[in-house]
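Scroll down for the structure; my scribbles are underneath it.
In this document, chain identifiers A, B, C, D and E correspond to the written order of the chains, with residue numbering beginning at 1 in each.
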């Protein structure tokens, strides 16, 4: 089943690449929907109390200790759900845009989906790394071929920057791999064991090697500078993939591949991570306040949000991790909606500069309303998905350390500041010649945005199912962590 | 062993073809012959035999490398067929190439310094000529001359090294030398070490390790593209095989050698990769990158001489596959417009997707991006190096390979991002098939990596 | 001959060899260099004799003095370089060159120690360097190299012809 | 009678000749002279090789020298051919004229 | 009992339904339908609240319902649950009752506005959230309401979104509330940490077990939330600006209900507050300061709604003063009466504005009583009530507060008295300038002035009635009353009784105080009359304000400017510094620099490849020498 999740999109994308059918978009969309259904089926079959299910473990390159080991537990499942949920929307979000070489485009998107799912279900260190890198290639080409101006330089920076990080992660993984007792292997459990055995010093070393990779991917301050540029030049779909899903790879990496792996390292350096994440929150929000470009503003807000998630994760409390999980889903949905809205605005007004917009509410009330709701999700108003996550996260950080918690809480205020500003500049006021002819949402756009709205509110009102899905896995993870760190001390 | 005979035979046959006028069939005939050679290698595989009073040793190592050499040559003939078609002296060129291959096979399988020496010389002398084979072009001539002059200079050192080692051990056979070393670990005269280092110098020149690499970029650029392809694949493989065979023995005795190799490795990692960044001419850039790759292989050898054979072999497979692809594309571009600067790749994706995609595969593999074989090659070497505690060097290597990404991706950006500067090029079917075959091979190398890693044993 | 005599002969030959070798490098006129080089070769030949390698001596003289140097001369004549045609090289470079090679000889000689550790020799037998024994070695142990040399020479021949032949004939 | 000349003498002599060869290569710009110096280096090698072989009472060394000679001859053949070709193109044998391929 | 629980569920449900029905078909439905649905839904929940109220009167201690588990992680778990006890039921009555009247009022007031349906949907949403706020059985549900009403106020202040100034006001309101909310959220989290639960019923009993310092911190943080919501110093500046919204909104949200949420919250947590005297002291000070401060500002304002807004702030100050003194009942009492008369005043003002075609400057009014008799009469009642003239509602509640202030300390009492006297002065100033003297409005406006329609006047009359009789729910013993309200609320404040020393004034003192205050008030009213009716003095225009003091007051002590200077500008400055300097030059600069370095390095490194064989061989030989010298390194 898991294998199907991974290879089905791959096969379809290959089909699209090679056969180059006329209806590339339709096929891709259908495929992604099938993928979504498959995931939902898995969710129904998923038993909450066991850990890894639908496991497959076959040797691939034994000489490298590489096995094709995949499996799903609560944490993976939530993220796979997010991925498979967003990809159809992303494919739909192209609307009537005519791409050069559509088959390449949709093929790449599906390949991306494959890689992302792979990352979330891999149970073998090297396999995880492979998917992690593979995910980089399609997104790079999506941004390079269909991106905005000056993309050549910016995307290259993005690629090298992230690659640098992940190569360090590779060193870390190899380091652990070589520490595995007996016949070396990359199996998750074995790596945990190996990491546990290392001396605190070594663990700190490994921690940094891997944390840098994750930090760059998320990205948390100060490893984030590739992100705003890339988000801005990337085509909307690319941005959605990057911010909606790829960003989560970093957090997931921390949760699955860092915390239980080098407990002593995390215990030693986690506080530092929290501090820089919290700095990132304020920093990102502040910069977002003064942005002129709509898309860039969302990019920086995303820095702030992910900072909060990271900080919560490193509190190593069930509350924090659960908050991170739910907030990842919420942020994925919200940011998807946000970029979609940006895309609609940009497409109709041919500009993303906030100052030149205004008064859209007059001509497109429905659009404006949707914007309001998505915005509320982003500023974490209660009864929207955003609140559940941010509440739990701030809760965990505050419990961890009052001052940090208070600072992290600033996101509630600053988020309101830049978001309301955006809304006012773009939507309120009198229409000007740019926005005068702004048409309200078309049916197709409603088909994308309404589900987003519904999900935001639904998760906000009744998040329990999602939380229950990941709770056992998280608790177990922390149990592993506490045992290991205890045993090291 | 038989493979060697077959190849030499082919070479002579090629010369005969001139007389009996079979030029048009020649290439096909040669390819068939090489396939036959490959077959013999397959048959012999798994056995380990000495030949001619231990002059040649065909164990898995030499068989695997000879096989790699032969296969690469087959593909090379495929991609370079117009190099023969468009220019005179088909037969001579073919013959010379085949002799080179013979030399290469010897370098991969020698057990006696004399054979090493002769192998290198056959290879080199033929190459001097081939490099200069586009006589109307001054660049070609210059390349040939530089290569010859510096090559023979380096040979002097190689021979001096051999002589000193002979003096110290009284033997030319690698096996005997090894025995001697084991016999009296303490009592080795100083000039024996000097001999080792001199040999190292000679071979470092052949594998173009910094600071003995200066000839490489110039010669690669000056020589006809197809010959460059040949040099950067077949010749490099052979040189590295020889290097491994020699220093595999000495790696145990002596620490000055490791220190020297360390220094060379660092230089070879840094300098070519840095220099490549600024190159406008893709051909020359690839030349630098191929020098740079030697650095990684040296790192592997340095990390663990005895174990690294597998990694090096796989690395070379991946490398050969990738650079053949790259040179195939380069060859097409170059043959249409006399130059190969980056501009000529502009918008290639829109003009000739197949070329662009193939080139992309090649470059990604050279840049060691998963899941392409280039990555696994580097990965094995890094893993070994970390295991042996060379973490610092590995980090350096990682930084350089990031720089590598930088210059490889300049081409990719040109192909996908820049607007087309010219009309689509018309491709022959054979080129298309070749490119697809090479892509397929690189995928096979990934998926069945295990098959290849185990080969050397 | 007595030890003293051999030693003197050795010194003499060595001196001449080194001197003329230096002259090869420093004489302006290429032709002179060639001639000096020939002298050097003869001295080296002399050393071969001292080392009881008479056969090698013969071959040496034939190959080098007889073939190779003639080839050199021939080329020099053909391209008529037999005059001080060489453009002047900057003194800086010359100094650098001298220093470099000075360093080289230092490290070489310095590293060529330890001959005392060489395997103790059984009483010298002259036989090893006779044609007969050499032939034995050559055609038993070194048969393959011998054969392969033919390939080498063939390659060299083809190559030389290829380079030498003028394209225009083909076109 | 060999034994009364220490092997070291020969090694030093060879080293000297070898270095002179290197010196020549570095010192001169005339391609032909450089060739000759390279030949000189090879001869130094031959010398030391023969010395060793007779000190070790082992014929292999002398046989090896045969090969070196053969190769040297071949090399000179090809080399001079290339040199002539070059001279045909550039009308000179000054090596420093050849620097079109650079950077 | 099940019935009661069902009721408890239905009370918030109906406004929500009303909101959904209108909002989802905002374009389709007719104005009539929309208003009917809106008013109807609120009316129904009013009836239901009455039912619940009756239940409580019937001896039921409280009604509790739990819907479902909302958020749960690790040990912590929050449920979606409601609690109706006397306190909340009282709030329910006020919210739904006054809310209903204002809905009805809006029918007439908003008549012909293009956003008519939108307006009603917002109003309903607001009522829904307000109900959640007061009915929540735990802090998080209250927090939902807390933020929800903030959202609605944001939406309604910026209701006429074409005007960017209004939008600014809306943003200001929302962000200032957000500041308070953060404090509140942290307080809640702190409660979770220390009590392990957020259910009132579980927290309050444990209160004694937690050390005082923590409780002080908790209560402080919660009070920060109250500051934001109830416009106390320093977070009050949004409220006057909030008058940008339609007048009914000002009446409902910014006078009667939302702004009193803070009072409710403190009263709700009386146990915790009672435990920490420090917080109480702070509340007293802040409340008092706010009361006086706002009153002084109100003296010079000329915008009819601004005056009312500042009076609201000042009245809230009084309420908090009461709470700070531990007189929770009095605080709630005043809140209730204030809800009546302040709503009345706003609606009256609205009626005036309506009649004057959205003219809000009292300098352009005057002599309106003959045009708008009903409005005038009701407005007068409101003014009397707020000025604390017996027997109007304001008298009893305010008197109670002053009494307890007196008991607490004379100074506090004195300041409070001053504040209330000022209140009566500016309220009458407002009254006189608006309705007395001869009109200063332009002729064509006069021409069109006419009494407002029934839908507007009816609520006025009802509220006027309430303002008259409202006070009698809490007649003190001194006046032979039984103070029904305190008895009714007693169970809520029971736990805190012990913690605060109850001080009792002798009846004689109380009489004395009342007399003093009433007389002083009448004196001030007289002064106002002489100044604005007899002398017919009209406030000067912006330009020629003579005294510096007046100018300061007129410009509200320049507080907005100060905030702008010390908070807003620095924020933007630091942000742009981050953006331009730290980001571009610092971090990103570093990244790009490394790239540049490589390229430069390459430029130089390639010079090594000179192309001359001589040089190459030189390098080689140097390399060789180095390599060979390795021999000596052993």
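Operating definition for what follows: a contact is a pair of C-beta atoms (placed from the backbone, for glycine too) under 8 Å apart; a residue touches a chain by one contact, two chains touch by 3 or more.
Computed from a predicted model, the values in this text were never measured in an experiment.
Asks: To get from subunit A to subunit C along touching chains, fewest steps?
Replies: The distance in steps between these two chains is 2.
Asks: Please state whether C-D or B-E has more C-beta contact pairs across its interface.
Replies: Most C-beta pairs in contact, of the two: C-D.
Asks: Just by CA atoms, which chain is the most central one?
Replies: Of all chains shown, the one whose C-alpha centre lies nearest the global C-alpha mean is A.
Asks: Which chain is most remote from subunit B in terms of Cα centres?
Replies: The most distant chain relative to subunit B turns out to be E.
Asks: Which chain has its C-alpha centroid at the greatest distance from the C-alpha centroid of subunit D?
Replies: The most distant chain relative to subunit D turns out to be E.
Asks: Taking the mean of the CA coordinates per chain, how far is subunit B from subunit D in Å?
Replies: 27
Asks: When the centre of a chain is set as the mean of its C-alpha atoms, what distance in Å lies between subunit B and subunit C?
Replies: About 31 Å, centre to centre.
Asks: Between subunit A and subunit D, what is the separation of their C-alpha centroids in Å?
Replies: Spacing between the chain centres: roughly 66 Å.
Asks: In whole angstrom, how far does the Cα centroid of subunit A sit from the Cα centroid of subunit B?
Replies: Chain centroid spacing, subunit A to subunit B, equals 43 Å.
Asks: If you look at subunit D, which of its residues touch at least two other chains?
Replies: Residues 7, 11, 18, 21-22, 25-26, 29, 35, 51, 53, 55-56, 58, 60, 63, 67, 71, 74-75, 78, 82-83, 85, 95, 98, 100-102 of subunit D touch two or more partner chains.
Asks: By residue number and range, which residues of subunit A touch two or more other chains?
Replies: none
Asks: Listing for subunit B: what residues touch at least two other chains?
Replies: 114, 118, 121, 125, 128-129, 132, 135, 144, 146, 149, 153, 164, 167, 170, 190-191, 193-194, 197, 217-218, 406
Asks: For each chain, which other chains does it touch, given as pairs?
Replies: All touching pairs, sorted by chain label, are A-B, A-E, B-C, B-D, B-E, C-D, C-E, D-E.
Asks: Quick check on the complex: what are the subunit C residues that touch subunit D?
Replies: Subunit C residues touching subunit D: 1, 3, 6-7, 10, 14, 17-18, 21-22, 24-26, 30, 33-34, 37, 40-41, 44, 47-48, 50-53, 55-56, 59-60, 63-64, 67-68, 71-72, 75-76, 78-79, 81, 85-87, 89, 94, 96-98, 100-101, 104-105, 108-109, 112, 115, 118-119, 121-122, 124-125, 128-129, 133-134, 136-138, 141-142, 145, 149, 152-153, 155-157, 159-160, 163-164.
Asks: Using the touch definition from the top, list the residues of subunit E that touch subunit A in their complex.
Replies: Touching subunit A: residues 26-27, 68-76, 140, 143-144, 147-148, 151, 154, 158, 161-164, 167-168, 170-171, 174-175, 178-179, 181-182, 185-186, 189-190, 192-193, 571-572, 574-576, 578-579, 582-583, 587-588, 591-592, 595 of subunit E.
Asks: What residues on subunit B touch subunit C, complex-wise?
Replies: Within the complex, subunit B contacts subunit C at residues 8, 11-12, 15, 51-53, 55-56, 88-89, 92-93, 95-96, 99, 102, 106, 112, 114-115, 118-119, 121-122, 125-126, 128-129, 132-133, 135-136, 144, 164, 167-168, 170, 187-194, 197.
Asks: Which residues, counting only subunit B, touch subunit A once they are in their complex?
Replies: These residues of subunit B touch subunit A: 310, 349-350, 364, 369-371, 375-376, 379-380, 382-383, 386-387, 391, 394-395, 398, 401-402, 405-406, 409, 412-413, 416-418, 449-450, 453-454.
Asks: Taking the complex as given, what residues does subunit A use to touch subunit E?
Replies: Subunit A reaches subunit E through residues 157, 161, 222, 224-226, 283, 286-287, 289-291, 317-319, 322-323, 359, 361-362, 365, 376, 381-383, 388, 391-392, 394-395, 398-399, 405-406, 409-410, 412-413, 416-417, 420-421, 424, 427-430, 461-464, 467, 471, 475.
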